[in-house]
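I am attaching a structure below and will ask some questions about it afterwards.
Order of writing sets the labels: A, B, C and D. Residues in every chain begin at 1.
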Amino acid sequence: MRRPGWKRRRPRRPAHRPEPENDHKVATYILLIAILSAGALAALLLGRRAAASAVGALASIAAGACGLISGGTALAGATWDLRLPWSVPMGSFHVAADPLSGFFLCVISLLCGLCGLYGWRYLAHHAGRRNLGASWCFYLLLFASMAVVVTARNAVLFLVAWEAMSLSSLLLVMFEHERPEVVRAGWTYLVATHLGTAFLLVMFLLLADGGSLEFDTLAPAEGAGGAVFLLAMVGFGTKAGFLPLHVWLPEAHPAAPSHVSAVMSGVMIKTGIYGLLRTLLLLGPPPAWWGFALLGVGAASGVFGVLLALAQHDLKRLLAYHSVENIGIIALGMGVGLLGVSSGNHLMAALGFTGALLHVLNHAVFKGLLFLAAGSVLHATATGELDRLGGLLKRMPATGGAFLVGSAAISGLPPLNGFVSEFCMYAGALSAIAAGGAAAWGGVVAAGSLALISGLALACFSKAFGIVFLGEPRSESAEAAHDPPLSMRLPVQLLAGLCVALGLCGPLAAAAAAPAVAGIAGGRAAPAVVELLWWVSGAALLLGALVAALALCRRRLLRGRTVGEGPTWDCGYAAPGARMQYTASSYAMPIVKMFRGVLGTTEHLQRPEGLLPRSASVRTHTGDPLLERAYRPAFAAVAWLAARLRWLQRGRNQLYVLYIALAVLALLVFELGGRP
Amino acid sequence: MIWAILFVPALCGCLCPVIRPSWPRRALLLAAAALQAALVGSCWVRRPADTAAGWLGLDAAGLLFLSLTTALFLVTAVYAVGYFRQEAGAKRRDWEEGFLFTNRPEAMFTACLLWFLAAMSLVSVSRHLGLLWAAVEATTLASAPLIYFHRHHRSLEAAWKYLLICSVGIALAMLGNFFLAVAGSAASEDGLRLTLDSLLESAAGLDPTWFKAAFILCLVGYGTKMGLAPMHTWLPDAHSEAPSIVSALLSGALLNCAFLALLRLHAVSCAAALGDFSGSLLMLLGLLSMVLAALFLIHQSDFKRMLAYSSVENMGILALGVGSGGVAVFGSLFHAVNHSLVKAMLFLAAGNILAACHTKSSAEVRGLLRSHPVTAALWLAGLLAVIGMPPFGAFFSELVVLRGIVGAGRYALAAVYLAALGVTFVAMARIVLPMVFGKGQAGDEGGRVPIRTAVPEPLWAILPPLALCLAAVAVGLHLPAWLNAVLQSAAAQAGGQP
Amino acid sequence: MTFLSVLHLLLALAGAPLLAGIIHRVKARTAGRRGPPLLQLYFDLGKLLKKGAVYSRTTTWVFKAGPIVGLAAAVLSLSLVPLGPVPAVAAFPGDLILMVYLLGLMRFVTVLAALDTGSAFEGLGASREVQFSALAEPALLLGLGALAATARDMSLSGIFSGLSLPAAPPSAAPVLLLVSAATFIVLLAENARIPIDDPNTHLELTMVHEAMVLDHGGVDLAAIEYGSSLKLWIFAALLSGVALPVATGSSAADLLLHLAGVLAVAVAIGLVESGMARLRLLRVPQLLLAASVLSLLALALALR
Amino acid sequence: MATLLDMLVVLLVLANFRLLGSSRLLACIRTVAAQAVLLGATAVCANWAHLEGELVLIVCSSVAIKAVLLPWLLRRAAREAAVTREVEPLIGFSLSLLAGAGLLAVCLLIAAPLRVPGAPSSGLMIPASLFTILTGLFLIVARKKAVTQVLGYLCMENGIHAFGMAFAVREPLLVGMAVLLDVLAAVLVMGIAIYHISREFDHIDTDRLTALKE
């Protein structure tokens, strides 16, 4: 059967398509890069002064605007192509934007701009004590390198930008480097990302197949497609945080300053998704097993990520694990899409990839929002420990309201944006099930795991929001919390607004993303998708109307009646106090207990004893099972081996000369021995 | 021109011992280095013709390594002047064991430095294998006293091991030369001359058996000097005990000289259609070096020894690249450039750290970023450069080598190569990151407070490594055409295709 | 969308509280008591709507918003539910997902409202609620998926009309059986019925759903009660559609038939409640997992 | 002439065995000197047919250096360092002799395929020189004292030159001279090193030189 959407295998020589009209379209992109590099330099020179913060923030906002324009035009179909001379081995500075690049460029610019604004005041109290300039320089470099990554059209350029991205984000994570756990996190991150890149090197070399490393000419050798796909899964999956490779993510994201966590979690890990999509474009028609592989990885990451998130007690760590979950969801969408492509089911393909791309955008929005809000909480209370917070909604209404929106959105509830993308994936899965055949099982996996994930995510975020923002404060610092200044409130509220807007205007977003999807899934089923989403947004609007109407009724009914205030009804208990509230740990306990086998949660329980028990406590801890059960032992094994070998270097000269003698004898005998 | 390149450092070296006051001597050192640099620079403009009946000449590879050597020497000379000022004075206390020791007389040290330079220059300009051999041995003899600059038992031990092991190895190389002569005696009735030109033209007539034996002997011999496993054993001791400038020169320049010798022989064997044989041997030793070095890096507690093992690993990359042929040869030559720049810079930075923290154990150095920002930044940059992160050149060279390997379809080899690189990188990051970051306070994880002198980081200690760092970045960001041309032609000589 | 679907919606909105009355009546009868009047819940709602309100000082606007949003979500998802072959008011491919997620929204706001009071009991109830529903959701969605696979359709209305007997494929029978079992379990769990939860126990520690609404009163409580009875109707309608896959020629007859089915479901619930005791909390997840397994089995049969 | 050559070669081999077997330091030094002389003789015999000025010059200088100068230097170093007159082996003498036999076998094995095109000399020449080299290596590996290690190094050099001269590698004077100078310088530097070692450690067996290790 003819597969949708795939151009035939590219020719080895760059195709002689007429150069797209560049002039003004490239201009914004060049402006973006120029602003960023100039800003980085300026910030670096300003050093510890507070002005560095202002420069960095302004630069990132301006660049964000440029990026939105440039990406938007490319998404709208005004592609451009730019080649500059660059003399490095095998490399050329060749950037171009097609709708896919444009889409990611938009997402990146949006979030980086807003987080830049947030960071301005967020870092202010470090002025004079830390080198703000360096931090902002790396922030802008991160922005720039991401922009290059999604537009690069030469493998070497791509890899350089890729590594620059990792490096700048690493140095950003290291901002508060006196804390030992930060250094550990940085180390883990560096190791993971660097080892991941090794796979990418091999992947690109296999794709190049001895030829040039320009994307136009990349195409796998016969039969190498599967290998390339697997390498891409590992290489890009490390950055994206696919399941067995996610271990760096929950370490690094909490360690960074919050606006950086937002960028890393919101968009940087998405570059892994971009890389995967780009590779799929280069690879040509996919066999079914790629789809199933992605589905498997996605389901595992999603379920495992949300479970681990549920077991966390630290707000930012919880959010970090949710990034793993959402990456899993995106992978599910891509898997559905790939199955659709391979089984020739256009609707399924379109739904899957639209869902994946929209979720990339949506996750960027609400995860950015959540991390920034968490940053405000940290800023106000100096702790991210759930069980020391509480009652913040009264004290920081703006942040709390935004966080609520974000929580509902990330749990995929209507009428917010999270539901739109998940709905697309569900619908794709459902269409596969309705269509039957082998792909249907993919649909089953997707639907089942999505259902489980969303249920658990709901549990997790009712916990996060409920414990942090509702009830009574559990510590003095929470008691004294207050909303941050405007420049920190604004981005959060803008993002919250975006969550609602994207939820109501799902079809418009889908229509906008359609060109990007068309490259992979073919544009044929796009109208159907948009039409489907109109139903969703219609329902969302209706829901809003209903709520408004009911609220009105309630107001009407209560008018003129006594509305009193009192303590919470605690079933007759005389003196309810803040310490009697349910805590995060107790809230999550039933589910965590249920999955203890996979989570490896440890519990330190001190039972109350005697007639008048003094103190009793229960403390649970859930580390990362893979890190603790798989990676640490592996590293330890290598270290053990190395330790066994150290006697070779005993310090005895005689021994060393013996090595030389043996080497020469062995080689001589091996090469010449016996042969007459 | 070539004679000048040889004689300027040699004569200045002979002058040094007779100059009593120290300032003129230091000035002489700088002047000699600068003059040498100028001479070599002029060679880039106009390549001098071969002289002495084709015994001396400057081909692409020679020019490349000669320039590297000279550049490093110039930079280290600047560093050395400051270093001498710091090291001057009668008795010094050893930081590790606390006994008192004296340094060797500075005059002798300076002289040896210059002779060392002369010997290395001779290595890179000699186009006659016998002469090459003599020059390489000369480098050993000139550098042994350098290692024994601090007069105490550890440095003496290091010098002794260096001397003995390298001499033994080099002796084998001598035998190799004789075998080569015998192999050629069939080619031309009056025995053949060991000049490269005659070897290359009469390569076809070489007796394969004798040639193979000769190559093996030379490989082991020069490999000892180059630090290929399992003959690398002298390297960590020498590098850890020598003064940092000497370590920088040893690692950045000397190893290249030995590599150059192997390159010449590989070229001959390629001409004799034995390229596969020699290539496979080079790959074998290269891979062995990479793996061993990676494993020895894991438990490394001494940051100078760490750098030494990383040199072993990089030499492995060079051998691997040359062995696997194709584009990889270009890659490994380019990698030689990057490695020299970066490693020299790292050793100079290590010298600063040593001077600041008075310890070589990495566990006792913490939070450099707060006490010595520039050095810390250099140290970190050096780490990133040596593990092959862009924008440093090492990324590209390692990529090209990998491409050569993958292009030849040696996937298992590629896997081991990447695995070794990975382990190296993990181990080094594990050592370096805690040194740079973290609190500098005593107490927290045993960090020793870096000693703040009045001027924490004197200019002479900062500028040389900084210059090298910038050079490494520049090569990575933009490979100049002239350098590219030389690399390409040198690679072509050693049997690589572009 | 036909006149009958609107009629169904109106009937549901009007008659949902009746189901609770039926259940109570059945339980009383099996226990040999007379029991409360069938319309008891209507009386309660009326009384509650007349009352004023008392709010805890701890609570915020989230507490007040909860019941309203929940009710709105319930109404909206009710409008997506067909009654057997009688199509829903709104039907489009994938509407079942929207329906399930609207119920999820309802749960979310209820839980948040519970946590807003800062009461230990409500927190306890909320934590159990989210645990059970997290397990119930896959069971329900997979069950509906099995139906979709059998009917080869993506919208609830299409599915149910496709499954009704004359049109239904012969292979559908076992699938329907399994799915109706699963749906029934989910129904019991989602609507806080015995054996999962005991709506009218007097010991807060054993409650799940009721514990979450301890602090609500007046209009808000009315909204909650009404919302949950709508929820019950939704599941009952689904169940009657699955368990009673019959389409008589005339759609009016269908409507009546399945209305009867809905009431029958209520009776069945009453019988189950009077026949069983509450399960231990630790056993509940196993029951729900069993439901998921049933759904998966149904899927396997449907996709074979 | 050929028989004479063979005789010399055999003597060379025997000298190696003496080095392996003897326990007296001075005796070893003397043996190495004797080897150098034998070496010169071999070279002359091997190229008797076409004896050239420069060859003779190299031979003479090498004999002068290796048979007279270096032994004297070593004796002096030994005296300076107050070396005990024993060799202090790591591997016992009888065992060393056995090992020597084994090494000889290996040499014959390696030398089998190495045919010299139109070599004037005896077939024993290659294995003998290789054996001398290996003996030198063995001495370095199996003896404790720094002096004995230098001896081993010298022995190696002897072997190498034996090979070089026997096959009259027609290399101009310069190389030969350079080589000799290198050897001379090497031994000089080593002598100095030994002197320092003896001062540092008040003895020169190298098993105290093991501070630097992993």
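Just a few scattered comments:
The rule is simple: a contact is a pair of C-beta atoms (placed from the backbone, for glycine too) under 8 Å apart; a residue touches a chain by one contact, two chains touch by 3 or more.
Predicted, not measured: the structure shown is a model, and the values here were computed from it.
Centrality by C-alpha centroid: the chain sitting nearest the overall protein C-alpha mean is A.
Per-chain CA centroids place subunit C at a distance of 99 Å from subunit D.
Centroid to centroid, with C-alpha atoms defining each point, subunit B and subunit C lie 77 Å apart. Rounded to a whole number, the gap between the C-alpha centres of subunit A and subunit C is 36 angstrom.
A separation of 43 Å divides the Cα centre of subunit A from that of subunit B. Of all residues in subunit B, those that touch two or more other chains are 160-161, 164, 168, 172, 209, 213, 236-237, 296, 299. The multi-chain contact residues of subunit D, meaning those touching 2 or more other chains, are 110, 113-114, 137, 140, 149, 206, 209-212, 214. Chain pairs that touch one another are A-B, A-C, A-D, B-D.
Residue ranges on subunit B touching subunit A, taken from their complex, read 160-161, 164-165, 168-169, 172, 209, 212-213, 216-217, 219-220, 224, 230-231, 233-234, 236-237, 277, 281, 292, 295-296, 298-299, 330-331, 334, 367, 369, 384, 387, 389-391, 395-397, 399-400, 402-403, 406-407, 414, 418, 421-423, 425-426, 429-430, 433-434, 437-439, 444-445, 476-481, 484.
Partner subunit D is touched in their complex by these residues of subunit B: 128, 130-131, 133-134, 137-138, 140-141, 144-145, 148, 151-154, 156-161, 163-164, 167-168, 171-172, 174-175, 177-178, 181-182, 185-186, 190-191, 193-194, 207, 209-210, 213, 236-237, 240-241, 296, 299. Looking at the complex, you find that subunit A touches subunit C at residues 390-391, 393-394, 404, 408, 411-414, 419, 423, 426-427, 429-431, 433-436, 440-441, 443-444, 447-448, 451-452, 454-456, 458-459, 462-463, 465-467, 470-472, 532, 535-536, 539, 542-543, 546-547, 550-551, 554, 557-558, 561-571, 576, 578, 580-582, 586-591, 594.
Of all residues in subunit A, only 86-91, 156, 159-160, 163-164, 167, 174, 177-178, 180, 182-183, 186-187, 190-191, 194-195, 198, 201-202, 205-206, 208, 210, 635, 638-639, 641-643, 645-646, 648-649, 651, 653, 655-657, 659-660, 662-664, 667-668, 671-672 touch subunit B in the complex they form. By the touch criterion given at the top, residues 90, 106, 109-110, 112-114, 134, 137-138, 140-143, 149, 206-207, 209-214 of subunit D touch subunit A in their complex.
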